[in-house]
Amino acid sequence: MSTNRLEAFSDGVLAVAITLLVLELRVPPIGGHSTLAHALLAQWPQYAAYVTSFLTIGIIWINHHAMIGRLREADRTILALNLLLLLTIGVLPFATDLMATYLKQSRGQHLAAAVYSGAFLLMSIAFVSLNGHILLSKSRLLGLDLTLEQRRKILLRGGIGIVPYLMATALAPVSPYITLGICGAVAGYYALPVGSGG
Amino acid sequence: MSTNRLEAFSDGVLAVAITLLVLELRVPPIGGHSTLAHALLAQWPQYAAYVTSFLTIGIIWINHHAMIGRLREADRTILALNLLLLLTIGVLPFATDLMATYLKQSRGQHLAAAVYSGAFLLMSIAFVSLNGHILLSKSRLLGLDLTLEQRRKILLRGGIGIVPYLMATALAPVSPYITLGICGAVAGYYALPVGSGG
Amino acid sequence: MSTNRLEAFSDGVLAVAITLLVLELRVPPIGGHSTLAHALLAQWPQYAAYVTSFLTIGIIWINHHAMIGRLREADRTILALNLLLLLTIGVLPFATDLMATYLKQSRGQHLAAAVYSGAFLLMSIAFVSLNGHILLSKSRLLGLDLTLEQRRKILLRGGIGIVPYLMATALAPVSPYITLGICGAVAGYYALPVGSGG
Amino acid sequence: MSTNRLEAFSDGVLAVAITLLVLELRVPPIGGHSTLAHALLAQWPQYAAYVTSFLTIGIIWINHHAMIGRLREADRTILALNLLLLLTIGVLPFATDLMATYLKQSRGQHLAAAVYSGAFLLMSIAFVSLNGHILLSKSRLLGLDLTLEQRRKILLRGGIGIVPYLMATALAPVSPYITLGICGAVAGYYALPVGSGG
């Protein structure tokens, strides 16, 4: 099976998921003595969670592109693992909404943060699993010659991405703001020009 | 008519439908003495229905790819049958939401389960109809040489997928949990690496 | 400008619009002495409007494919007219929701029906305008040699599609059911295998 | 990295964002002595904001196509800047909804208008930044030979688009209607056949 339609379908799911995030941004009503400025500022967790999730899905798209670009063709195991990866991406709008809703609440904020970074963690694990499967078990499907050494290095570089999400999830019981801060820093570092090394 | 744009449009609808499923996952409010943990756990039917529908649409995508991949070109009958198939896929977010909403309700749970598996049943029938039409009536449009025997075998293999959905729908009056269990088992078996045989 | 990305973008908008229609199908609550069966049946206008709009967008997709397939390249006027066509398609989920909400209401049902078929009418006019522009003014951009006679015939065949929507809109003050019936009949006739002539 | 998948992903995000705008159009309830006609007319800000945003995203799509069409390949900085551009496009459905909700309110209308045109302003700046980066810093990635003079001219032509959004944002404290009018005029001028110069 060629990788064209695998890319097309994955791009579709990623494009829809990244754009659906906007549904989490809600037009606020204005209370009695409040102003729209105040109401908009008060929902800053929505913007923070939105930007973090948007950039994170964007990074995944870039990395997914690189991963599939190395493939010459796909078999059913790769399709299945890719589907699991898309499943973890598909729930991100929900996890983002949960985080934005509860970040400032006294009740639920720690769990919401754990679910949020936990969703990113799951996504990273799914990504590394698929990448590891391609690079190690199915390397005969690769379109380029890479030594075992090179393949391990690529895998390791991607695998490191799991670490900050582990930390962010572990720190959710301490402070949901730290969790969001770590996830946002990862997104900013990898997505923005400064982190990409041009 | 070439099959490129047929694939592109079908991929688009499948990608949007699979991603729209997330709108069925709702951020729960916390009641008086409850916790977010409890509120999130209480809506497990949403997660079960989400994962089942997500994987099922994923399987359909994989099979759709294989089906259209055998075609050299499409005519209007194929476009029409494909549109009917997309129609049955397009309603899945609604059927999934219905199932998730009523699974634990004493009233409506049996009908909701019947509608849920009934939607999968309709989708399977539409798929097999299109596949049968391609393999038997329009085999001159196939890009590869397949004997009648081989074409019948491919069709039969796909047709078997209807059986569990028939069972799941028939058992909805007995227990909606059995219905969901069957649909989930089918999704897991075909979508996950273990069922794909690598 | 090549037509590839014009097709890709149009396919994307059409695929999203056709799939977003499902958001109009709402999981009904059950009232005091009612049942889910009754609640689901009571919202049949939602299903009728959904199927009609789904098949109509499907037909537009098939015809759009044929129209752009004749083009060798696109210029900015074609892009602009195509954008207007997409604009009329983009509002269909709203018009469908309006129709489904008001069809059975004693107040508003006539206007809702007029808006619904009026949206299809606008879409047809936008389609014919673009097609006419391509076939008559910009025929040098066509990829195939067609005589003026042939081009006029293609245009006329598409233009006939405006007539039933004109009738459906004109009859909305008489009965919204007639309006929906006409729109549904057009969708069924062109979209289903029986109308496509194989 | 080839530009194919960059285009496919960007087209996907643009197609979803432009189609999601429809969710801002809401089926109005009818109050006591009102009519549907009155209720529909009263929400004209929704239609005005919808059409303006739809055409604006359409223009961005056309220009994005031209911009990427000049590229031979993309590097990570281009991917990162493109992702930022998509981020500004992704929030447009929210900004549009905000504008439509508050345009006629005595409180919040000025800020809502400033956010609306401010979102377009940000989008223009992101677009010009990416285009400037491609044309000036990364011109070795361009697929065609363009003199520095020509590249500066292309950039300047696009950069002029920032001016009306600056004006519209600056005039939001004066009147939100002027802001909407300017944004709508820009959209109409560039998107419609009359402005495209055929």
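Order as written gives the chain letters A, B, C and D; numbering starts at 1 within each chain.
Note that in this section a residue touches a chain if its C-beta (ideal position, glycine included) is under 8 Å from a C-beta of that chain, and two chains touch if they have at least 3 such contacts.
Model, not experiment: these values are computed from the prediction.
In terms of the distance between Cα centroids, subunit A is separated most widely from C.
Interface of subunit C with subunit D: the two copies contact each other largely through different residue positions, with under half of all numbers used appearing on both sides. Computed centre separation for the pair subunit A/subunit C is 36 angstrom, with centres defined by C-alpha atoms.
Separation between the centroids of subunit A and subunit D, computed from CA atoms only, is 26 Å.
Of all residues in subunit C, those touching 2 or more other chains are 8, 12, 15-16, 20, 23, listed in ascending order. Chain contact summary for the complex, subunit B toward subunit C: residues 1, 5, 8-9, 12-13, 15-17, 20, 23, 75-77, 79-81, 83-84, 86-87, 90-91, 93-94, 97-98, 101-102, 105, 107-108, 111-112, 115.
Subunit A meets subunit D in the complex at residues 7-8, 11-12, 14-16, 18-23, 25, 27, 30, 35-37, 40, 50-51, 54-55, 58, 61-62, 65-66, 69, 191-193, 195-198.
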